[in-house]
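Below, each structure is written out as structure tokens.
Two complexes come next, and they have one chain in common, chain A, joined by chain B in the first and chain C in the second.
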Partner chain A sequence: MSEETLNLKLRIWRQDGPSSKGGFAEYPANNIPTDASFLEMLDVVNEQLIEQGEVPVEFPHDCREGICGTCGVMINGRAHGQEKATATCQLHMRKFTDGDTIEIEPWRAAAFPVVKDLVVDRSALDRVIEVGGFISAPTGSAPDANEMLIPKDVAESSMDAAACIGCGACVAACPNSAGQLFTSAKIWHLNAMPQGQAERYKRTEEMVETMEQYFGSCTNHGECSEACPKEISLDFIAYMNRDYVKSKVKNRRLAGQ
Partner chain B sequence: MTTLNSKVPEGPIAEKWTKHKFDSKLVNPANKRKFKILVVGTGLAGSSAAATFAELGYEVEAFTFHDTPRRAHSIAAQGGINAAKNYPNDGDSVFRLFYDTVKGGDYRSREANVYRLAEVSVDIIDQCAAQGVPFAREYGGLLANRSFGGAQVSRTFYARGQTGQQLLIGAYQALMRQVGLGAVKLHTRSEMLDLVVKDGEAVGIVTRNLTTGAVESHAGHAVVLCTGGYGNVFYLSTNAMQCNVTAAWRAHRKGAYFANPSYTQIHPTCIPASDEFQSKLTLMSESLRNDGRIWVPRSRDETRRARDIPEAERYYYLEEKYPAFGNLVPRDVASRNAKTVVDQGFGVGPLKNGVYLDFASAIERVGKDTIEARYSNLFEMYERITGENPYEVPMRIYPATHYTMGGLWVDYNLMTTIPGLYAAGEANFSDHGANRLGASALMQGLADGYFVLPYTIGDYLAPKLGQDLVPTDDPVFTESVQNIKAMTQGFLDINGTKSPEHFHRELGKIVWNYIGMARDQNGLEKAINEIRALREEFWKDVRVLGNADTLNASIEKAGRIADFFELAELMARDALDRNESCGGHFREESQTEEGEALRDDENYAHVSAWEWHDADTPQTKHAEELEFENVKLTQRSYK
Partner chain C sequence: MATTTPSRNSTSPPMRPKPKQLPFPLSLYQTAVGKKWVMALTGLGLVGFVVFHMLGNLKVFIGWVPEEGAYDLDIYGEFLRELLVPLFPHGVLLWILRLGLITMFALHIHSAYSLTRLNSASNQPYAAKRDWIAANFASRSMRWTGVITLLYIVFHLADLTWGVGPAYSDWEYGRVHENLVGSLVRPAAAIIYIIAVVALSIHIFHGIWSMFQSLGWSNPNYDWMRRGLSMGIAALILVGNLTIILSIWTGAVGLEAGQ
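Coming up: the complex of A and B.
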């Protein structure tokens, strides 16, 4: 706890709508307490803009606890900023220095068109889920939960992947705007579990091919995992690729029956 | 004051639901596709309901103001979900979960609903496990359980500290599967701003597309609101920033009664605000109270660091006042006591707005490693926010608004007072009485969505077979669209001097000060006057900039605050009317000699459901008398 404050210069991307041309605007952010979060700093700037009669900056946010996956901007060229394992909303101003210039931009990816200012449209991620990111278990059809034993380490590994918050930082951080980390995390969450086996190969094939329609290709840079606020592991991409190759063989065989 | 019909079925409590399901009318599978259901909200309650309706064959449209259903506030729940599985063999049962919930709610909930909730709780766990929710497991592969929030049995299922996230993702995936199959039409970034009623029945909604500003009409045979709680009326709360009461409130304005608005839950262990412009508080899990000791310095003028204050000069107020339960007293008792010491000037931290939660003796007793194993993620979260290391400096905590038990009044079928309009999840009032137990909100949201609504909605729809949807060019729709457009443009035209945020913050202060943890007649009357004055100022002086045809968070916010003003006033009236203390509602005038909440069962064993007239006429109260046939009313004591 400290009562220090910072004076900063912000360069923020402003863009009226999806088809408008955007550009940087500069705003001062003065007397920002070091205890403030990054988004609270933006709140302060917005209050000042409103006072001056200027339209406030639209930025994505909701839970402000690093779990909903709504927030996310490029901070000095890095998705969610320089802190490891930290979503934008969890970043605090004590990590900056008085006099800093901070450049703030929206996620940049063809699959994520800008809606306004720092807000982008990430619905391509939902398109990947809806083709296979589930286990078909209609309500009411489930057996007793303890009839299926799931080894602790399997549940843990599945949970490691399921921790993804769907923020899209992986796509934004990738030089190719690839969607591999997001897609593989969902595939592994479900493919790891016994419940997920029946649809394993169908799921993998459908999700990978839908992903490819929206996102770029993976060339193993690893920037995605570096930027991920939940530190989702690159291993899941390897598991996905392995299952995808298998799915090609298995699904073809099934199709030929 | 008229009496409300809760439509609770006859018969012994354990048989009511089974009997009711059998007695309800069914819609033939081939006919289900002829009915359109509009589901507003895609949190636990909404996603589970929409997915299940679609699986059954209904035509479904789902709406959320978020950019994807997975962002709903349910995602933030940490602790867990209760179910009467009795896997640990420690004496749990449907009846015990029912009993604990009615007692925990301080005898202000409807027995039949609570029993059904406990009954279907077991199916929820089965359903979620089948969907692939990665619940915590024991080494043998069986599901793990823990005890939560002072429960005497271990009935809480969890997925690390992210239970809400995993349950929501399970429901979201079930929903997205139906979206992929074309059975659910999903409208994201689409905010419901009006309920459309014709001949007394709910026939549709009007929404605003938050990206384009387009105001749109949607007709349905039934409308289901799963739009969450209203804790953000306090401005500072643990709720996500966008949580609001608008959908429920606009329905209230169209005739749906609003029940028990003053029942709000204040959670004792949150990180205190660090400055004036803070907009959101963070919850620290209640489990911390298992090992942390709560204290304040005995001197108001204390300036030393916590570590340097000798034992004798520390006031462990919970341990002293409640020797039996100590730091583990229920949420409301812990919260109120923290407020008392802070109000008396004993608060700690730069703003003197917190109390210490100290792990020093626990670390000494069990070692740093054990404490780390238990709480490392929470300690990390705390340090990230405050910059202080709780292994070395005691945490500072203070209560914050967390959950709202009040909501739209619903009958046993979860139908509101408007036929065809249902409410589920935190948006309804039904199951938690005056106080919610930990890990029971997730249970209720999923119970409503997966297992209750899919049965009860058929009973309303069946007789409507062959009935066309009301066309969206009907005056009931076009008038509503005009009103919403005028309201939106109206905000831009006010051209005032103060931001929506300013008004929200000021409103929150009034609500927190007078309708917060402790209420009295004087304060409540003052609150009503102050809220009205501020509301008037808002409508004259709010400054909303930009346009109505692009994304514009200020427009969204202004509309939500307008509703919070009206809700806040009703909360004050409800609290004033309820001249007793119960659960989260503490009236200074009604306490025991020891300062504990004192119920008045003779006069207040009822639900207060309020009927809207207009913005300047106070609502009328209707009562639903509560009958307790299976649980004996007792006074709580934690001494």
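Coming up: the complex of A and C.
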């Protein structure tokens, strides 16, 4: 463990509940080890607040190893902070310098109402998954290995999309609060694979239209992909747009049933 | 094993209900992805118009054609009205093309307007300052460059097509070259034209790149060309039109002596 420590000034968004008015509050964060993660730094600050008899800051966190998608706050105007391809829990305090002021704000989108302090309700993302982010497969004994041949690059493309952890940073980073990167990743990781073909166009149509009930529309800035802790590519949005228009044509042809 | 979430749908009811679905081609336009698709296609058509418009205007450099006894730009203008003349009456095909152009404009503007409404309803501004990483000036200013272009088009039509309002005093129908030179030698008009061409080029720079995304024309083999292509076409439109404006403003291109 290094002995280096930082003294920081935090401006944290405090909000008692969904309907109450929030605002920034300033807290000192002193003697923060440079080896601490951003969330551990918030833990230290919360310990101090509890000792002083104040209400600790609510912030979203779970696995703290960048895979659950629970954590996520706006740090100095960037989703998940200034480090590329990391979630908030993987951002380390050694990336900051002594005396820095850090502004911490919850994700903001009309579809992400603030629950308390830095915690937002991201269940709108679940609504998108529910209408098509799955395959309807008959259960039974496990199929034989390699029974269904999948080219390696197809599997890789699907896997790149499936890396999405659903943290909502794309929506938070987007000036339009669009859910395109999330939805396109969830669509493509199934649409690329043979198992996803049966419901491909129904899935695309349903998920896009549900997404649009909650989120804005894409203006192709590319902020989402830069903010994404898993570096999901903008290309998936193009694939989704292509499949969506196809789905409108194909689903029309199913008329008459 | 399957688990059920008891309070499913208890939070975040849809902000917008799903609209009742219209018949097929219209159903596309009911959704934001479909509107972007329409915006991209109409944008492609409008960029095509802008390129051909510029190519036509470059004939101002050919100037006076003694054999014809007319300016080359005027001959070109008459050629447009004479397009496919035995098949269509004089000027009719040009009007058909114009109606297509007006339709594309209307759809482009309406989709932009309704998507902007959707986006501002979906967005909540941050209280702290945002630190943009990928968004560039062109992408952030699409709405402004679009509105500037729209206002400019009204000015441009009044100035050179209708010959009303800001048009130069001796404007005359069919004398395209003289009307153009007469307008652009006025510094105020030239500056408006320059501002509009710059705004349009910035708009097209993001627009063409954005078009590939919206139409889903993405292939990792060719994606590296998209940025260069949008930059190239924007630069072509910027340089081509600026050359015309500056040449006339500075007097390098003017009226033939004795005409």
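One rule holds in what follows: the second predicted complex is superposed on the first by the 249 of 257 C-alpha atoms of A that agree within 3 Å, B and C clash if a C-alpha of one lies under 4 Å from a C-alpha of the other, contacts with A are read in each partner's own complex, and residues count from 1 in each chain.
In this text, contacts are C-beta pairs under 8 Å (C-beta built on N, C-alpha and C of every residue); 3 or more make two chains touch, one makes a residue touch a chain.
From a predicted model like this one, the values you see are computed outputs, not experimental measurements.
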According to the stated criteria, A:Glu65 is in contact with first (chain B), second (chain C), both, or neither; which is it? first
Looking at A:Ser123, would you say it contacts chain B, chain C, both, or neither? Reply first, second, both or neither. both
Given the touch rule stated above, what does A:Gly216 touch, chain B (first), chain C (second), both, or neither? second
Determine, under the contact definition given at the top, whether A:Glu47 touches first (chain B), second (chain C), both, or neither. first
After superposing on the shared chain, does chain C or chain B touch more chain A residues? B
According to the stated criteria, A:Ala198 is in contact with first (chain B), second (chain C), both, or neither; which is it? neither
Please indicate which partner A:Arg242 is in contact with in the superposed arrangement: first for chain B, second for chain C, both, or neither. second
With the two complexes superposed on chain A, say which partner A:Arg108 touches: chain B (first), chain C (second), both, or neither. second
Under the contact definition given at the top, report the residues of chain A touching chain B in one complex and chain C in the other. 121, 123
Listed in rising order, the residues of chain A that touch chain B in the complex are 1-3, 16-17, 33-37, 40, 43-44, 46-47, 50-51, 53-56, 58, 60-65, 67-70, 86, 90, 92, 94, 115-116, 119, 121-123, 125-126, 129-131, 133-146, 148-152, 155-156, 158-159, 162-163, 165-166, 189-190, 193, 195-196
Which stretch or stretches of chain C touch chain A in the complex? 9, 11-12, 14-18, 24, 27-28, 31-37, 115, 118-119, 121-136, 139-140, 142, 206, 209-210, 212-218, 220, 223
Which bits of chain B are touching chain A when the two form their complex? 48, 51-52, 55, 66-68, 70-71, 73, 75-76, 85, 87, 123, 125-132, 134-143, 159-160, 162, 165-166, 169, 172-174, 176-177, 179-180, 188, 211, 240-242, 274-275, 277-280, 282, 349-350, 384-388, 450-451, 454, 499, 501-502, 543, 545-546, 550-554
Where on chain A does chain C make contact in their complex? 11, 13, 23-24, 74, 76-78, 82, 103, 105, 108-111, 113, 121, 123-124, 127, 173, 175-178, 208-210, 212-223, 225-227, 234-235, 237-245, 248-249, 252
